[in-house]
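Structure provided below as structure tokens; questions to follow.
Lettered A, B, C, D and E in written order, each chain numbered from 1.
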Amino acid sequence: MSEKLLQVEQLQTEFTKDKQKIRILHGVNFHINKGEVIGLVGESGCGKSLTSLSIMGLFKGTSGEITGGHIRFNGQDITSLNVNEMRKMRGKQIAMIFQEPMTSLNPVMKIGEQLMEPIRIHLNLNKKQAKEHAISMLKKVGIARPDEVINEYPHQLSGGMRQRVMIAMAMSCNPNLLIADEPTTALDVTIQAQILELMKQLQQQEDMSILLITHDLGIVAEMCDRVVVMYAGRVVEEANVFDLFEEPKHPYTRGLIGSVPKIGDKRDKLDSIKGNVPDPSDMPIGCKFAPRCTQVMPICLEAEPTSIMLENDRLCSCWLYDHERGEMHV
Amino acid sequence: GDSEKGQKGSDKEIVIAVNENFISMDPHNTGDTNSNSVQSAMLEGLLGFDSDGQITTVLAEDYSVSENALEYTFKLNQGIKFHDGEEFNAEAVKVNIERIMKDESLRLNSRGFNLITSVDILGDYEIKVTLKTPYSAMLTRFSVAKMLSPKLIKENSDDIPKSPVGTGPFKFVEWVQGDHLTVERYDDYWKKGERVKKITYKPVPENGSRIAMLKTGEASVIYPLPAQNLQELEGNKDIIVSKIPSTIARYVSINTMKEPFDDVRIRQAFNYAVDKNAYIKVVNSGFGLPLDSVIPSKTLYYVKQDVYEQNIEKAKELLKEAGFENGFTAEIWGNTNSDTMKGMQFIQQQLKEIGVTVEIKSMEEGTLSDEIFGAQTPEEAKLQMWYVSWSSYASDVTNATKPLFHSESIPPNSANTAYYKNTEVDSWMNEANSTGDATKQAELYEKIQSTIYKDAPWIFLGVDELLVGTRSDIEGIYVDPTGGINVSDANFK
Amino acid sequence: MFQYILKRIIEMIPLLLVVSILTFLFIHMIPGDPARLVAGKDATLEDVNRVSIELGLDQPIWKQYVTFMGNLFKGDLGTSLKTGLPVSNMFADRFMPSIYLTLLSMGWALVIGLIIGTLSAVFKNKWPDHLGMVTAVSGISLPGFWLGLILIQIFSVQLGWFPTGGAEGWKSYVLPSITLGAGIMSMLARFTRSSLLETLKADFIRTGRAKGLKESSVLTKHALRNSLIPVVTIAGLQFGFLLGGSVVVETVFSFPGMGRLLIDSIAFRDYPVIQSALLLFSIEFILVNLIVDILYSTLNPKIQYE
Amino acid sequence: MSNKLLKVTGIRKSFEIPSGILGKKKILKAVNDVSFEIMEGQTFSLVGESGCGKSTTGRLVSRLLTPSEGEIWIDGEEISQKKESQLKKMRQKVQMIFQDPYASLNPRMKVRDIIAEPLLIHTKLSKLEQQRLVSEILKVVGLNESHADRYAHEFSGGQRQRIGIARALIMKPRLIIADEPVSALDVSIQSQILNLLKDLQSEYNITYLFISHDLSVVEHISDYIGVMYLGTIVESGPKDAIFSNPQHPYTKALLSSVPIPDPKLRKERIILKGDLPSPMNPPAGCPFHTRCPVSMEMCKTIVPKVTQVALDNHFVSCHLMSS
Amino acid sequence: MEFTSTVTEKKQVVPKKKYSPVREFWVNFKHQKTAFFASMFILLLIIIAIIGPSIAPYDPYKPDYDATLQGPSSEHILGTDEYGRDIFSRILVGTRITLSVSTSSVLLGAIVGTVLGIMSGYFGGWLDRIIMRSSDVMFAFPDLLLAIAIVAVLGPGLNNVIIAVSVFSVPSFARLVRGSTLEAKENTFVEAAKSMGAPHKRIMFKHIFPETVSSLIVFVTMRIGTAIIAASSLSFLGLGASPETPDWGAMLSMGRDYLGTASHVVMMPGIAIFLTVLAFNLVGDGLRDVLDPKTKNE
């Protein structure tokens, strides 16, 4: 097995509301190897973005905090870093692309200025060098007239261009890990295809690791090496991308894959997972998916399953596979 | 000029802070005390006022009035030069008097002068003025009308309101609108004496700020010194406070033609209801004298009357006799000045004691003036009571009575807002005006005062005492009863 | 940009014409007869009538207006009824001090208001926020004369640092501008706070942090600039208060400004002065709004003008 | 049942874009000669990239905008130039579902009031009566009574979109214009909503104008499809024809861009170059030629004509076809 | 036609306790501690406004010329004024007029200004231009001149004070609200309402107005202080309450001359005004959070 770049171990993250702590992440475990593209999927609200924010340590302005577990980056526990050390890490070693390209850029600042900020901080370049670097980054992400674009404002760019700027910004300091939180949700299919293509290229050129967060299984299938499926703040399944689509183990994963309309699919009605993601402050006892599960068993309503290692290094938390539980549960 | 007239004195400058902006430096067109004060540093008249407000000679060496009170002859002082080098002589006087007579734009001070039929130069330094009809206040008018350089009048009359040229102890330097006006010692002044080098007059409307300036020494003299702040200066050895009885009468005029005020008992009851000492204490912070006649005590021919001492019982009785045992509701008007507001509230409180409910209606000046003078006949008048003050030159008893009590002065014609009409009083006033005989006038004014005081067309309240604050290193500055500041001998000790 | 500004300035002309007619009618309509006020209480009816003719007040109102405007186009603002001085002369010494005072007050109020507002937003519901609130509320509810006199007591009488009044040298501007700016500072602080609280929720703030920016840079470079638009609006609004509301300050600090002149002139119904001052204020106001609009588009590049 | 419920012929809409401070206005042709028709009870979908004019078309049909040219017939009535006051009746028949379930619900109103709003505007029903209808409709869209007293932000995206659908349904409309009703939603929720829309259609015979950029969704729900590019419909036809026999290079690129949820089917795609050209200065000739992988010389100058591909109403505007 | 359920949910969300809107508001508001205490203070003021005259230890109008300008003492806890009237009693009795005039004038100004501002922003075009240019002119117009005109046209009376003070504040409110309206009308839910056929009135007031509330609240609460002072200066012009009325602003202004020697005369009403404005601001902040459904539980 290749070298582990990032290890997330038993990550717990909580928000405080009305003086009450609400736990959103309940012991999230996964790891990313060097040069690997990991997909993090799950329904809205299951904690995907929160996982990435926990890795980045970006809780300022919210009541969120990490209350348990470790995040190791290159072996170093980054949850114990102080504010300044963490700040130096951000943008340089771990960079992030946010869900909303439309609002994630400062509307009143020129593209160039925004792009040069991390370059100047982390690479210690002077203004002129930083500008050159910024232009070269824009070129790399396929922006046609970079020397003009740096003097434009975000609203003068199309959504696709903005997202490319975000990518250029994130990649500008050559991070080891790129966290891409739904980088294309806001984009059109044709632009989306361009962006994904671009990310793939860059990832291969720079030997970067990517944590790709999405709920679009199509993108996962296109891009990822390994997939982590989350539900209600827990990892419910983790597997190689081929295995996962070939034979999803967890009923939730199965439900997800079943609900995707596929071109050429003649079904009159799509499969769908009934109901909604439970409210974090009002979780069912037992397996959190049980109320929506088509294969629910009595035990599911009483106790929460733990992660079970199945064949091919896959992991799954479901009572259905309890009989396969070997020695090595995580 | 450093001959015997040579002026020495300190090279230091002083600042005098007053409460309002100066309006105009045209001495022939000025109605406000502060402008007058500043002008008096630069300009002089044939006659002037002494510290008691009575008439003395200034540029005139001597004067005489004919028996029939129509001819005024002046002998002038010689060797006096205006600040611009022009000589002061009979010709200069004539130019000045004719300006006042003829220039239509001088709307304020032409009074009296419009009665002049001829100005005759009797010699280089002697001049005679002849009137159409007698006017007993004419000497006062001559004191008020200050002399300007004839050159200025002839050649640069547009500059008069901005930068006058006279014969006074100080000459004009600059006037920054709204900020200050500076005058400088005139070294060729015709009277001897040591004076400061420069005087800067500053309008400082805020009482507290004026006091602060005096305390910090930014101002050497402040006038008026707000009485309510006097306490702040207690024990301050650097500051001297002087108190001057004024010619400012404070009163409430009562519309004697309006029911129920047409009943003298009601008006007297009002007078009995008011405690004059309390009035002075509360409204004037303890500085002032009861108004014990129709005119202030400093005014010519003043005779003290029997004061309506506060007597609630008597007041109630009078009301009862007049048929208002249970009181009634009345309205008092006044401007928006905070002193006026205070005064009106005081009246309200006092009349409440005798069961009269007073409604206070304070109005902005312009509106108030429209309300009062908009009434073309006494019947139209809505005015019931007016809280107001009146001030005239101590020497000018005519102005202290005629506009206020003569039936010809009933609004809109003039300020008889008591709508007081007494044919006897009218004829006494006319008679006093047309004689040059002082004893006769004194007699007539005694009758006028006692008659009106008994008729009580006013609630007689008080006479202000003026307060001046001076730094203790300054001398030679005094304030006269009309509030004019005299600086001709201003100097450091 | 230049053409736009030019267009706006040309647009002012008809607007000012309408304004001049309206104000002319308005001030002649309100009660109060300048002739009576000028002549004085003891004036006889005859005196008053004479003054009235002399001042041209017996003319029909449209004629008076035409005369006024005719003179205005010749650059002559007329002659004050009260002082007999040319109006331009009365304005000359007061106009610039008024402008300086206004700008100075606005300047410090903006800076301090922004600082207080920012600290309040950053430390929402902590002590700096509470302190900011108390300061802002004090600023708005303390009457100007009180603050002014207290400042004079402390800084002029006790410490002797600044003069009690006047308009000579920068020192004499300090206390009046503090007094005048206090209310504006308060408004600005409150609006900065609320606007910044909104901005701090925006996604691009998180982007800034994710780049590894210092918190202070995030705040100043990213958050503040995006919060300025409402602040600029309020600042523009407050100019009205500055222009008209400086009377108290001018009184307390015996400051030679336009505010008191206008108020005194109103008391005397000094029509030419009132009329000219109002036109001047209108011009100032329209210019301020133009500047606000230009600021909008520099602060927010999305805002463009037709 | 071949009643044409909606017929749109040759509508155009341009916006004046103030540009710069100099005052020259630019013209943006957002919709440029669009025609289509929908039979009652059927679904017509508009697909295309962001900014190609889909929403504008939808807003023209719902008369939130007034077309500068062209006719819009709804249920036999021409409404393209009617005044707001004359549209009230039409507004009862036509309802919209918006793209963004977050932004299209007033955050300060309770769900109950949001759903009842059309009733309040168009009917004189009593409060009680309104609430009864609200409760009913909530059940229809799969929410329950207890949801009615909450605010929109307390719901998940899917639930919010149900609220939007409930609001559109409560007037029992004939035509629903659904502007990207599922693109903001999770796959799991998306399938729920798509199923719901289909169920409602078969139950109440509702006609949909369905706007989307997601071809897999469109395939699932439509009867007919129109592919838009830069304000014009470049290809239109029955669903099967478009999917099995796409003619226009843009349609082909769109189809190939859709990521397929099967890692084994990773494929070479037609990746279009560049971004959508600015509609303010659209390219001359065929609007697609700047990005077209098979563009020819003539495409740069000559606007292609609409040609019929096969018998079954399949039209395309491309020089490859017409030549 | 009968609707039938086509999709059902297995797990029902546990319904929250159902409250009436007022009750719900109250429950949320109570969480805002500072705001809650501030509103208790305002409630206290309202109670004083109602019962003030009956609990005042002295007759607020009764002078005592032997005890003028006395500092706070056990007899007069806040001292006496220039007529020897008890300041504490005057503040108590003055609460009613001060509060009612200031709040109602600010509210009236806010209402008119808001309506104009919303119309201006919503309809745009010539209406916008007329309203905005008029407000420009109003800004340049000195309050005193307007006040004189109002006195002349309407005559004295408390209602007219309220009108005058509101007239002064209308342009500010109009501009403020117009700005927020321009932003708010771009919301999709506004378009949604249009598509439903909602009339302009409903769109403006049901959908756009709430979006402007948060800046309105800041402005309204700040304006209360300004209004108290403005109302008192109008009463000097003879427009409002007669000068003996224990209006806080008037007490403050009348006490001006005594600032140097008997500062309590100014200080006491000043503190009353300060506390009131502070309370309104704190409540405003709380209200803003509560009215925004997104933050009300924070």
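Criterion: a residue touches a chain if its C-beta (ideal position, glycine included) is under 8 Å from a C-beta of that chain, and two chains touch if they have at least 3 such contacts.
Worth saying up front: this structure is predicted, and the values here are computed from it rather than measured.
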How short can a chain-to-chain path be from subunit C to subunit E, counted in steps between touching chains?
1
Shared chain contacts [subunit C and subunit D, defined touch]:
A, E
Would you kindly tell me how far, in whole Å, the mean C-alpha position of subunit B lies from that of subunit A?
89
Where subunit B and subunit C are represented by their mean Cα positions, the distance between them in whole Å
37
Between subunit A and subunit D, centroid-to-centroid distance (C-alpha), Å
31
Subunit A and subunit C have mean C-alpha positions lying a whole-number Å distance apart equal to 54
Would you give the residues of subunit C that are in contact with at least 2 other chains, written as numbers and ranges?
30-32, 145, 149, 153, 266
Which residues belonging to subunit B are in contact with no fewer than two other chains?
208, 364, 366-367
Numbers and ranges of subunit D residues touching at least 2 other chains
192, 195
Per the contact definition, I'd like the list of subunit A residues that touch subunit C in the complex.
56, 58, 60-61, 87-92, 95-96, 98-100, 103-109, 117-118, 121-122, 153, 155-156, 166, 169
Contacts from subunit E onto subunit C in the complex sit at residues 34, 133, 136-137, 139-145, 148-149, 152, 171-172, 175-176, 179, 214-215, 218-219, 222, 225-226, 228-229, 252-253, 256, 259-260, 266, 270, 273-274, 276-278, 281-282, 285, 288
Subunit B touches which residues of subunit E in the complex?
61, 63, 65, 68, 82-83, 144, 147-148, 151-152, 156, 235-238, 242-244, 253-254, 256-261
Given the complex, residues on subunit C that touch subunit E span 15, 19, 22-23, 26-27, 29-32, 125, 133-134, 136-138, 140-143, 145-146, 149, 153, 183, 186-187, 190-191, 194, 230, 233-234, 237, 239-240, 243-244, 262-263, 266, 274, 278, 281-282, 284-286, 289
Note: in the complex, subunit B contacts subunit C through residues 17, 21, 23-24, 26, 29, 31, 104-105, 107-108, 111, 161-162, 176-180, 202-206, 208-209, 212-213, 215-216, 218, 364-367, 369-371, 373-374, 388, 390, 392, 399, 403, 409, 412-415
